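Pasting the structures in now, so scroll down.
Presented sequentially are two complexes of chain A, the first with chain B as partner and the second with chain C.
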Partner chain A sequence: MSGDYDVAIVGAGPAGGNAALAAAQHGLRVLLLDEQPAAGGQVWRAKSSAILAAPATEESTAGTSLRNRLAQSSVTHLSGARVWQMSQDDGWKLEVLQGGSSETYTAKKLVLATGAREYVQPVPGWTTPGVIGLAGATALFKQNLRAPGQRTVVCGTGPLVFYVASEIRRLGGTVAAVITPNARMDWACATPALLHRPALLARGALWVADLKLAGVPIYWQHAVTGVDGDTEVTAVEFAPLSHDWTPEASRVVIRADSLCLGNGLIPQIEAAQMLGVPLTHDAHLGGWVPRAAPDGVTDVAGLYLCGDGAGIRGAEAAVHQGTLTGLRIAADMGFDTSTARDSSRALWARAARFGRAMTALSIPRAGLARLSKDDTVVCRCEGITKAGITQEITHGAGSCNAVKSGLRAGMGPCGGKFCQTAVAQIICTETGQDVAQVAPPTARPPLCPVPLDAAAGAFDYHALPIPKPAPL
Partner chain B sequence: MSYDIAIIGGGIMGCATALRLAEGGMHPIVLDQGDLGQGASGVNAGTLSLQIKRVQLMPYALRGHDLWAQMGDAVGFHKSGGYTLAFNAREAELLTERQTLKAEAGAPIEFVSNAQLRRAAPNLTQNVVAASYCAEDGYANSSLTGQYYRGRLQDAGIAYRTHSPVTAIDKTTAFELATPQGTVRAKRLLLAAGAWLKPVAAMLGVDLPVQARVNTVSVTERMPPLMSSVIGHATGLLTMKQKANGTVLIGGGWQGRGTPQDGRGTVASDTLRPNLALAQYAVPSLGSARVLRSWTGFEANVPDFYPLAGALPHVAGAYVLGCVRGGYTIGPYISRLMGDFILGQEPELPLFDPGRAYTKEPT
Partner chain C sequence: MIRLVPNHASKIKRRDKVGFTFDGLRLEGRRGESLAAALLQAGHLNLRTAPFGDAPARGAFCHMGICQECAVRIEGRTVEACRTELTDGLVVERVS
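This part shows the complex of A and B:
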């Protein structure tokens, strides 16, 4: 058992990092756990230590600031640390994989700030090397200062597609085209929310202006329908979309060696799900979200949630919700933080409204599912196609759990993180259910694959607590 | 519409009994609170081993094995043979005593030398003191239970409803079962709700002394070939097999937490860790495999650890089937017996009276 803490926080992004700082300011003993080498999460990911200097960006500045504040605080930050199992007795017990071995940590309160992952709608050829996620591409920029290829097609929803395209240009790559399912009208509808955030609006306008000046074609209300190439991307095919995002018949082919593809972010809910936090479906927050109050409080005693893992509201909202959650925990442990919480809550509400409007741009429409063809692989780990899943459903499997049991979709190393949104979408198509009726599959530990010897730990056979044998 | 019999529970017991009853001319309906085969039937480790069956249940297990072999590929059946290992003198004594009794009960179990064992299973630890082997042992893929029985029910034209928990039972001339999808009427009733038997029987005012064990199972990523037979431990606290796809499934009945009434069990690291340690001790090269998933399943039992299989006490027309130790192996067979009993025929082997006193061995 390695030390007892007041608070353990899983995830050192904007939400978890600020929750840690707020709790530590009140003298609480805080353990901050993150699998990355440095704090910052995805949005404020640190550059690789192999890169000595890099031009400052808005994200790198915010990340450096968080990392400096954490370094100067009393927070114990374990980097490269993966929490693989959590349980609750009097307090919380966490099994943490770090450097090939597992340690147990305990804490009175637990915060899950597990962030988001991205959804990629499977299209023919999406598993070709050279295709990466839109959000995945940002990791490449921030950590390695590298563009994904020489000539890249960037396709996706919301603001991320423009950010990624402009970053590729900044890093010296060529953007062959920007393709987005959103219409200009979708952005016009989001303008009221944008007007409250003039700085962000200006930044977005700058990305688009840069692309226009460089002559990069922007295809509104289009989507990538296929990827050519065997061992590497050679060309990308795309088509105009109808209002509900059904691809129309005409196709355009564009030469490229790489493709960034994404359809918005979804909350990483598995940890909360395993601990019994009830889920609700809210498309404006990225789909299935664990139920939590703005100050992080959940139905599970001593468990708090903040940041994108509790609903996609973006980095700024995550900062304030993190602070608010840290302050709430301090209050729950006897400190008066009500004034500070009031101001954090107001800042959170403002940022959350904007984040929600941005998330809304990525809400999948019915036609999106038609981008996947019968022979398109949906479950990458097990190589299961859309047709296989469709057949299982028409034979009576009406839930994500039933499809998982019958076909193994979601039983591979990713644990269903890549395929379950698409599986649920196919269930909806085939059974006519609404996506809010198709619950995600039961989440199973460990939270990440864990080497068996590390999970078992050092042991003496004769000291194993072997119970008495079964009745004869 | 009224059915001849309503069956609460769409696991192996409920579905296989429904199939037998339909063969006998009855019109059953199967109701499950979730999907078919998602309880113990669908989450157990899938071991089909005579070496871990109770002596008194051996005749049932032997016939159960035959039925699994007939189901074949559709349920992922493999007759791989199985070794049971003892790592010290105390375990060797236990192994000898127990496996001798099981062999006498009809299981083709033999004791094997270390040389034989190493030839057959070279990746096993060198620390084996004694081992037994049963060529009849093997496994099936429990994940396929729901898919398999769903197809069988459909082919037989048997009605079933999933996500249909029974919330109240009214007994007048017939049984009236309240479900979120409406009332189901049936002349007879079979309770086959596994770990949920106690609350279901309570709706009829019957107190069944059912408790649930919370068994833990884990699976690794795909590995190169490490073992070709089922591996067990003298105490029964390890079962392990490598599937055709290379994944290794590790069970043995280590206890997680939770109750069926809470609706879910959770894996406990303080029992998961020794379970994995025991697996690694038996096959040291397993240490480098990554564990992808661990889960729990509720295994129902009564105090004497023998089945409930027969008429439900005090309620005419109601029956109960469950709490079978080794229920995955024995389920398809004992369900046939149950079906025959409900059809008014003499079962091939005796059932287990749910009205018995649970303090002594059944006769």
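This part shows the complex of A and C:
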């Protein structure tokens, strides 16, 4: 067992990083765990060591600032460290995989700042090499400063689609087209919220204006319906959408060697779910969210949540919620932090309102499910098609858990992280339930793939307990 | 042409190139970049075949260590190419 800490924090993005800093400022012993090579999360992901020099961006500047402050603090930061199991006994016990072996850490308080992943609506050909997630593309830009291909189609909801298209152009790539299910009117409706953040509004407007000047076609209220090519992308097919995002009959085909595809962010809730935090459904926060107060407090004693993992509100809200959570933990451990918490809470509320409005643009409408055809692979790991899942539901599987145990959809290496939203959506279509009635499957350890030798650790073969045979 | 978003490609300075192999092919990439990015830059997007079905091609998808689609084998271990740093002489094999 290695080290006993006051606070262990899982995730070193804007939320986890700031929670760590706030707690450490009050003299608490803080352990910050993150699976990436450096702190920053997805939004402030650090450049790889392959980059000697590059122009700064807003994201890189914010990330550098967080990494510098962490380096100057008393926080113990383990990078490349994956937490694959957590349990509560007297305090918290965490199993952490780092550099091919697993170690146990303990802490009095636990913060989950696990962030988000993205929802990608399965379409024919989405498993073709060269098709990557929209958020995945941002990881490629920020860490490696590489474009996804020579000629890329960018398709998705919300502001991310324009950010990705703009970054491809900044890195010297070519954007073949921008395709978004949102109509111009959706953005007009979001304008009141945007006016509270004029800098971001201006940045978004610049991305769109640049695309227009460059002659990049922007297809509003359209979506990608299929990808051509078996081993590589050769063309992308798309269609106009009706008001509820049902694809219409006409098709447009555009030549491309790569596609970035995404339909909004969803909170990474598995760890919170596993530890017993009740879930609620709120489409404006990205779907199923674990219940947590603005200062991170949950129904589970000693467990706190902050950032996008507790509902998609964006990086700025995550910063303030992280600080608020760190301060709340310090208060729970006997320090007076009430004044600082009041100001952080006001900043969080303002940022959170804006975040919700942005997330609202990405809520998948009912018709989007029709992009998946009967023979479209829904569970990538196990190669399970929509028709297979539909049949399982027809035979009586009325929940994500039932589909999972019947078909293994969600039991592959990714642990269901890229199919469960689509599975829930198919259950809704087949049974007439609302998405808020179809709970995600039970979360179980390990939270990520763990090599068996690392999980087992070093042991003497002769020390293995062999149970007595059952009496005949 | 007027660009509102500048092209920064020429302002990015990268480390020296190093050699590595993928499935026996000799390739080059930048030391320290993610293996998934190095393979992409070398034109190798098709990294493996899907474990089930009629073995269709798969490649890096999430680029953040979740989807496991970029799994490759290095020194007998299955690792994610997107979470592996490129080093000189790295020997990378397909998982299947």
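Throughout what follows, the second predicted complex is superposed on the first by the 460 of 472 C-alpha atoms of A that agree within 3 Å, B and C clash if a C-alpha of one lies under 4 Å from a C-alpha of the other, contacts with A are read in each partner's own complex, and residues count from 1 in each chain.
Quick note on the criterion: a residue touches a chain if its C-beta (ideal position, glycine included) is under 8 Å from a C-beta of that chain, and two chains touch if they have at least 3 such contacts.
Here the structure is a predicted model, which is why all the values come from computation and not from measurement.
Colleague: For A:Phe418, using the defined touch cut-off, is the partner it touches chain B, chain C, both, or neither? Pick first, second, both or neither.
Modeller: It touches chain C, and chain B stays clear.
Colleague: Kindly classify A:Met274 by the partners it touches after superposition: chain B alone (first), chain C alone (second), both, or neither?
Modeller: So A:Met274 only meets chain B here.
Colleague: If you tally the residues of chain A touched by each partner, is the higher count for chain B or for chain C?
Modeller: C
Colleague: So in the superposed three-chain picture, is A:Gly396 touching just chain B, just chain C, both, or none of them (first/second/both/neither)?
Modeller: first
Colleague: On the A-aligned overlay, A:Ala56 touches which partner chain: chain B = first, chain C = second, or both, or neither?
Modeller: So A:Ala56 meets neither chain B nor chain C here.
Colleague: Tell me which partner A:Leu452 touches in the superposition: chain B (first), chain C (second), both or neither.
Modeller: It touches chain B, and chain C stays clear.
Colleague: In the superposed arrangement, which partner chain does A:Gly406 touch: chain B (first), chain C (second), both, or neither?
Modeller: After superposing on A, A:Gly406 lies in contact with chain B but is clear of chain C.
Colleague: For A:Ala301, select first, second, both or neither according to whether it touches chain B, chain C, the two together, or no partner.
Modeller: A:Ala301 contacts neither chain B nor chain C.
Colleague: After superposition on the shared chain, which partner residues are touched by A:Ala199: those of chain B (first), chain C (second), both, or neither?
Modeller: Touch partners of A:Ala199: none, neither chain B nor chain C.
Colleague: Need the overlap of the two footprints on chain A, from chain B and from chain C, as residue ranges.
Modeller: On chain A, the residues that contact chain B in one structure and chain C in the other are 412-413, 449, 451.
Colleague: Under the stated contact criterion, what part of chain A meets chain C in this complex?
Modeller: Going by the criterion above, the answer is residues 35-37, 42, 48-55, 80, 100, 117-118, 127-133, 135-137, 139-140, 143-146, 148-149, 166, 169-172, 206-207, 209-210, 213-214, 230-232, 377, 380-384, 412-414, 417-418, 448-449, 451.
Colleague: Considering the complex alone, what residue numbers of chain B touch chain A?
Modeller: Chain B reaches chain A through residues 34-38, 42, 52, 54-55, 87-88, 94, 98, 101, 127, 143-147, 150-151, 154, 162-163, 219-221, 234-237, 253, 255, 257, 264, 266-269, 272-274, 276-281, 286-295, 305, 325.
Colleague: In their complex, what parts of chain C are in touch with chain A?
Modeller: Touching chain A: residues 1-15, 30-34, 36-37, 40-41, 45-47, 50-53, 56-69, 71, 77-78, 82-83, 85-86 of chain C.
Colleague: Inside the complex, what are the residues of chain A that reach chain B?
Modeller: 85, 87, 93, 95, 104, 274, 276, 392, 395-399, 401-402, 404-406, 408, 411-413, 415, 442, 444-446, 449-453, 455-457, 459, 461-462, 464-472
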